[in-house]
Amino acid sequence: MSASRVAWFKGKLVPEADARVSFRDFGFQVGDGVFDTARTVAHKPFMFEEHIARLYRSLAYVGIDPGLQPAAMLEATLEVLEANLPLIGPDDDYWVTQWISRGVRAEDRLGVDGPATVIIECSPLPLRHRARGMRDGLDVVTPAGIRRTPPEAISPRVKSMSYANLLAGDNEVQRLKPGATSVLLDTRGCLAEGLGSNIFIVHGGEVLTPHERFVLGGLSRQTVMAIAADKGISLREADIDLYDAYSADEAFITSTSWCMVPVRSINTRSIGSGEVPGQVTARLIEGYREKLGGFDFVAQYTRRLEGAN
Amino acid sequence: MSASRVAWFKGKLVPEADARVSFRDFGFQVGDGVFDTARTVAHKPFMFEEHIARLYRSLAYVGIDPGLQPAAMLEATLEVLEANLPLIGPDDDYWVTQWISRGVRAEDRLGVDGPATVIIECSPLPLRHRARGMRDGLDVVTPAGIRRTPPEAISPRVKSMSYANLLAGDNEVQRLKPGATSVLLDTRGCLAEGLGSNIFIVHGGEVLTPHERFVLGGLSRQTVMAIAADKGISLREADIDLYDAYSADEAFITSTSWCMVPVRSINTRSIGSGEVPGQVTARLIEGYREKLGGFDFVAQYTRRLEGAN
Amino acid sequence: MSASRVAWFKGKLVPEADARVSFRDFGFQVGDGVFDTARTVAHKPFMFEEHIARLYRSLAYVGIDPGLQPAAMLEATLEVLEANLPLIGPDDDYWVTQWISRGVRAEDRLGVDGPATVIIECSPLPLRHRARGMRDGLDVVTPAGIRRTPPEAISPRVKSMSYANLLAGDNEVQRLKPGATSVLLDTRGCLAEGLGSNIFIVHGGEVLTPHERFVLGGLSRQTVMAIAADKGISLREADIDLYDAYSADEAFITSTSWCMVPVRSINTRSIGSGEVPGQVTARLIEGYREKLGGFDFVAQYTRRLEGAN
Amino acid sequence: MSASRVAWFKGKLVPEADARVSFRDFGFQVGDGVFDTARTVAHKPFMFEEHIARLYRSLAYVGIDPGLQPAAMLEATLEVLEANLPLIGPDDDYWVTQWISRGVRAEDRLGVDGPATVIIECSPLPLRHRARGMRDGLDVVTPAGIRRTPPEAISPRVKSMSYANLLAGDNEVQRLKPGATSVLLDTRGCLAEGLGSNIFIVHGGEVLTPHERFVLGGLSRQTVMAIAADKGISLREADIDLYDAYSADEAFITSTSWCMVPVRSINTRSIGSGEVPGQVTARLIEGYREKLGGFDFVAQYTRRLEGAN
Amino acid sequence: MSASRVAWFKGKLVPEADARVSFRDFGFQVGDGVFDTARTVAHKPFMFEEHIARLYRSLAYVGIDPGLQPAAMLEATLEVLEANLPLIGPDDDYWVTQWISRGVRAEDRLGVDGPATVIIECSPLPLRHRARGMRDGLDVVTPAGIRRTPPEAISPRVKSMSYANLLAGDNEVQRLKPGATSVLLDTRGCLAEGLGSNIFIVHGGEVLTPHERFVLGGLSRQTVMAIAADKGISLREADIDLYDAYSADEAFITSTSWCMVPVRSINTRSIGSGEVPGQVTARLIEGYREKLGGFDFVAQYTRRLEGAN
Amino acid sequence: MSASRVAWFKGKLVPEADARVSFRDFGFQVGDGVFDTARTVAHKPFMFEEHIARLYRSLAYVGIDPGLQPAAMLEATLEVLEANLPLIGPDDDYWVTQWISRGVRAEDRLGVDGPATVIIECSPLPLRHRARGMRDGLDVVTPAGIRRTPPEAISPRVKSMSYANLLAGDNEVQRLKPGATSVLLDTRGCLAEGLGSNIFIVHGGEVLTPHERFVLGGLSRQTVMAIAADKGISLREADIDLYDAYSADEAFITSTSWCMVPVRSINTRSIGSGEVPGQVTARLIEGYREKLGGFDFVAQYTRRLEGAN
């Protein structure tokens, strides 16, 4: 099936296999680029405009001109999606991602030689693989030796193609607890973020999440904030250390693909009663379903467990 | 000429234009890879073994298996070089670089799908472009808003393909002083390093350079250390702040391509008398020439200015 | 004209040229003193009581007794102003400043020899010089090598006569970008303050300014806070890093003499659309005019450009 | 006697009372200047050249041109000294100080109006007042709430006229323990320096003193270093915390006027046996006497106690 | 009287003298345990449930199972109290404390040998000793050399039996100012907490107290928060530095035994007018009395001064 | 056998079971005490004088007077040892420990009521339990959420009875990797120390260990330093981060009971070739045996594996 998927590359749709970049591409050589990724919900675009707006904020920060305006970027994205949708089943969905690097580096390395590299593509969500996590909750582990890069070195709010810090943190976690979900601490010892995910804890009915200064301002995070406001659930940004985490009543993670997923343990300590989802999490999940027009993203994952296990 | 250069790709030599990686390559998407780069000296390999040894230390740290042993990596590197040497003039030289990423990411993003990506290639040194810098000394500027990532986030000693921090620092400098050479401060306010370069200052006859904990342990840096030891010049690692820098008698930068190049100013303040190279720098340059078997790397650069200017 | 201006010195009005302090004055030798400065608005005192109240908080902190009570200080200040007002034109205005040092140091340096030095004086505002900045917006640059002194060393809320830190920051900026306005970062990499000025950014309709713990609690800053509250504009103290700054919709600076002035760029990055003043800034400026009893402080500056340029 | 002392002011010798600066002087208003101070030893200049060399390093850092070359500065200094020497007794000595500010601030505060302010003067050493400290050792207290300004804010190696940080630290100490000698900790909790003094501790025969990056590189400190090298006493710069301090065998302070003075307690804890000077300190004092051509600076102080007490 | 007091030990009431632990107890050897302490109010339990709930949070954090459920712990506590109440006078009250260590360490130190050590006991409040402090206000001093352990080393919210940091801070204060009340600064230079006490300052009618991340979340602190909310007094957690402290209008301390007690000075600086209690403090004290069912805890202390002094 | 062991308690030998402390003991309640522990080597005291000297440095720091002089402490210690030696086998050995707390807390908690608590006791080394670690090397893991307390909070050089920080770190490690050896990072992300152990790494023939400012100055650590000096092996204190650790050629740990033990992995990464002991470690072990008069401490451990496993 992958054989027939297409990607936007050099301004037009090409088979994915033809979307290849030079080894001199700044993105490949030195991670000099940014990206953004949205998901479909029941084959429909969800918050594509917001993701593209964030993409352009990242582009502005690093000073890359993608060569097309946000509206054209959206149009191209929808075009890629439309072409690829027939290739997945009705209960599947896509990540839809724009990868934009500074372009091809001049052969004498003195700058860029030509336009930015712009690739737009669809990747199927790994629903089956993650179904158990959605049902049972994730086991979060914080790596010991890798702290999240502090904002004064490079702001985590730029969705940069240089992920070495988050990858090294995850690598360390996988060595100690294979299959765990890594969430890095910041240099002050507070919870920061994982590989493209945001974390939330619930304490005495109040929902807390790290300050945006230290993490990517995820759009699912923002969606949860809006839901909490709608439902009258108190939610605020805070410095959250491991004492807070271990004594939380509930915890959950947001990301584009998960939307929301409960956390059942942090560093092997059960969160709250250990039952997932907790009560506040469940209300927010309900709210998220409403935001998705009633689409049950939890069931989309957990259905994969039927007959399996 | 570039048309006929070749690169090592998927285990064999191919025209450079054919060495293209999937947009799903971990190197392209998230900078998940490492590299190392050596240079030729009068068309001869220089310290290739040492560079490859460091490459394997970087690989070990990030947990990537390149699929071939160091000796084979060296052999492949020499093969690429041999094929490309006829394409440059007798007074030109090459960067020779291994780029190694974790490989192609599975389409559901759940890990790597196949072997590591290994590319070995030659790029001509920008001798003409940099000739003036070699003759007159570089103007160093430290960016205000970007500090070098601290070792607890990701060690600068891994030559990672995630360069966003160094690139953002350089970007900031180019906006304020186009053409200046960026050297980042660390989070404690001490000199750290630039884009692939190390900095040294000379104070009262003693040579100081930042501790390796905060910077890449450059092989040219190491060469200068060896020369200093040979010549009885005191050289040590130190925490160097801007007061030290501004009141230095001399300063210089090392990198694979520059070998050594004098610095004439830091943040617009002239270093020492403003004449370059300073006396100690000159002795070290002389020692570097000897290490290169008498090859005059300074003249290789500055010859490009003849007839020009 | 300067010849005939008077200052308060040793308890009475004297020609400015006679207000001279011993080289042994603690203020001169080691910056051991505090000051405060208000401005006139259309020749009328503005917030003189509040400035004097802050002056006495500074005095209390450093343990200097000025030898007269706040009411007497105010009276003396008004006396100086009254004497000097005839010396400026109807569209000019004054800074009115109290400089208070610990007094004259004993010749054996073992303490103070006599009463505190109290000087009260008027200085004409440099309206013409700054007119362009008011019209076009200021270009803010953050120095690389000088971070604002942290509160645990000396609180920035004391308006001390020891300005070396702010001066060194400004000096660094002037070397790189002559004419730019310096705003220092704090030791955590967040915006702090400039030479006697506070900075604000506007983000999504909300106004942010650094926490008072890290900056002088400027009275113009306080005025803007009051205006925002009056007009229902959300304004809060925050940790503001350069990502926030670069992606701000608007920015402005407050100081006693400027009242408010738009910022058009930070580290060469245009703020928002680049048009000044931004919409929220304009509303606050309007509110500031109302606080000044309708006096158009913007026009007072920009009128100086007529016929000029 | 003070009536007839003279100072260098505006390029010539004047009675001290005539050496008065405008309240607009940058030194008075905002501590924008630098100074250096040497002492006489038995009426002879001691290390005047070195002090003036350091003065010019401070001037270079802050970018002030004093309008005369180092040789002329030395000549003027000697002239001041010669004129004032007859005014003190044969067993007295002078501090000899150059105070150099940026000059008089323009009345519209837009820069400097005229040349730098240069004042050179003599102040008698407070030998009697300090005699007991020399005999019994000083009681050092570290202030709780004031840490020494970190180098990234303003380097302590510039002998700036902005002393608010050191003064606030001393003020806090005097409130808690009147008469104690303040030595500030740096922001990492290590010993830094006092008001114009450096501290040393002796541990197991080795002498330790804070790294110069965090303190003024005192010339007496440098003299002690040279003496230690001469006498084969191990001495090195180190991070010294309060555990080191409390468990030290000996401690002493250096400054221009004290030369060296023993410390008998730190934060009320007796150092070593409590007897002063300790053995290593005594050897260094002996070496210091030799450096002074045999002059007994200790006796010069303690003679003041005879007949007294 | 102490002879006849009883304690809960090994599951039953025993004379206090029989409640002795092995020198191998983890609590004795390495402070491996937690505790909590409540007080009686007019011989009645006050917030015992809340204290026990916090005790179990501490137990969970350190992973100690006390071998009985919270309800049984409460029952045992009340039993101890009941047995001991007849031993104090009608105007006296008790601290009632649970001490729970990991148990007895195996003789080869390889773990615990048997159940947790659980001791519950009553100690009479030192009302007479503290009466003057309640009447006149406490003199708070912050130690210079000991900062409160940061949360990333060990969270201050666990009421651990390892008190070395708080004890060392208090020790330093007692050496400099015998009788003063120690309050440690955190590693950022902000007020943290004292030996089992929380500090509050009042500024312009608003009450501020350190963030719970840096201090024990005292139950008296929580009570004051509830009172403030009831009475419409603004109260919030904040970073409070010494500038805030010195310029506060009022200050007070809370602890289980004091409930609330005014602070009259911090580092020898009088707070506000120097009169205690301040106006806001007085309102909160009034509210505290109401929470205690009208019991006048202030008078309980100050009555001890009658006839005395 | 334990039944008949004796301990020093209240100035005389008593059966261990009688050496019990009041629950009011400052050591039990708040970890207010210090200790030191030496070991026997083939039933002979080893470095007892040095351990007792360190004990008295700890006592001095916390201000506890044990009521007997070092010589008497040594004598008592030897007396305890002599009485207990008959109770272990010829191939066994003892830890010999002095536990000294401030004494019994007054019942109103207002200070100490009586003399310091002094207990001296013998505990058999867990040779069998640790035999495998000695043979195969230890697996070191650094905890993620617990950093070693920084020296400005409480110096790690005091061997305090407040171990909550080290215990919490070990607890976290045991949850993630049961049986691993915990070594905490300091707040800068560098290796610090474990529960009573010091760590060393070997890099290119040079041995590195953390600076004593951040760790206990272990006597085994000191012994290794002396051996290295004797054997001409370069050894120095350094800031060692995890990059250094992972790329080390060898690593080992020292403690009183282990003397020296190889490390085979850090955070699951094999050190060097994975073979233990490495070459330099083996030379140091050999030197350690010589220091022990030829006693083979390694064989003492590994003999326990014979017949087993």
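First chain written, first letter: the chains are A, B, C, D, E and F, and each begins at residue 1.
Everything below uses one rule, namely that a contact is a pair of C-beta atoms (placed from the backbone, for glycine too) under 8 Å apart; a residue touches a chain by one contact, two chains touch by 3 or more.
Since the model is a prediction, treat every value here as computed from it, not as a measurement.
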{"item": "Partner chains shared by chain A and chain D (touch criterion as defined above)", "value": "B, C, E, F"}
{"item": "Those chains which touch chain D and also touch chain C", "value": "B, E"}
{"item": "Self-contact between copies chain E and chain F, residue sets same or different by half", "value": "same"}
{"item": "Chain C-chain E separation of Cα centroids, rounded to whole Å", "value": "45"}
{"item": "Shared-contact residues (touching 2 or more other chains) in chain B", "value": "145, 147, 150, 152, 158, 189, 242"}
{"item": "Pairs of chains, among all present, that meet the touch criterion", "value": "A-B, A-C, A-E, A-F, B-C, B-D, B-F, C-D, C-E, D-E, D-F, E-F"}
{"item": "Interfacial residue positions of chain C with respect to chain B in the complex", "value": "141-145, 147, 172, 175-177, 185, 189, 242, 267-269"}
{"item": "Complex interface listing, chain F residues touching chain B", "value": "188-189, 239, 241-244, 246-247"}
{"item": "Residues on chain B engaged by chain F in the complex (per definition of touch)", "value": "57, 60-61, 150-152, 155, 157-158, 211, 213"}
{"item": "Residues on chain F engaged by chain E in the complex (per definition of touch)", "value": "2, 7, 9, 16-17, 19-23, 25, 27-32, 35, 62-63, 95, 99, 101, 107-110, 119, 121, 123-126, 129, 145-150, 152-154, 158, 160-165, 167-168, 171, 187"}
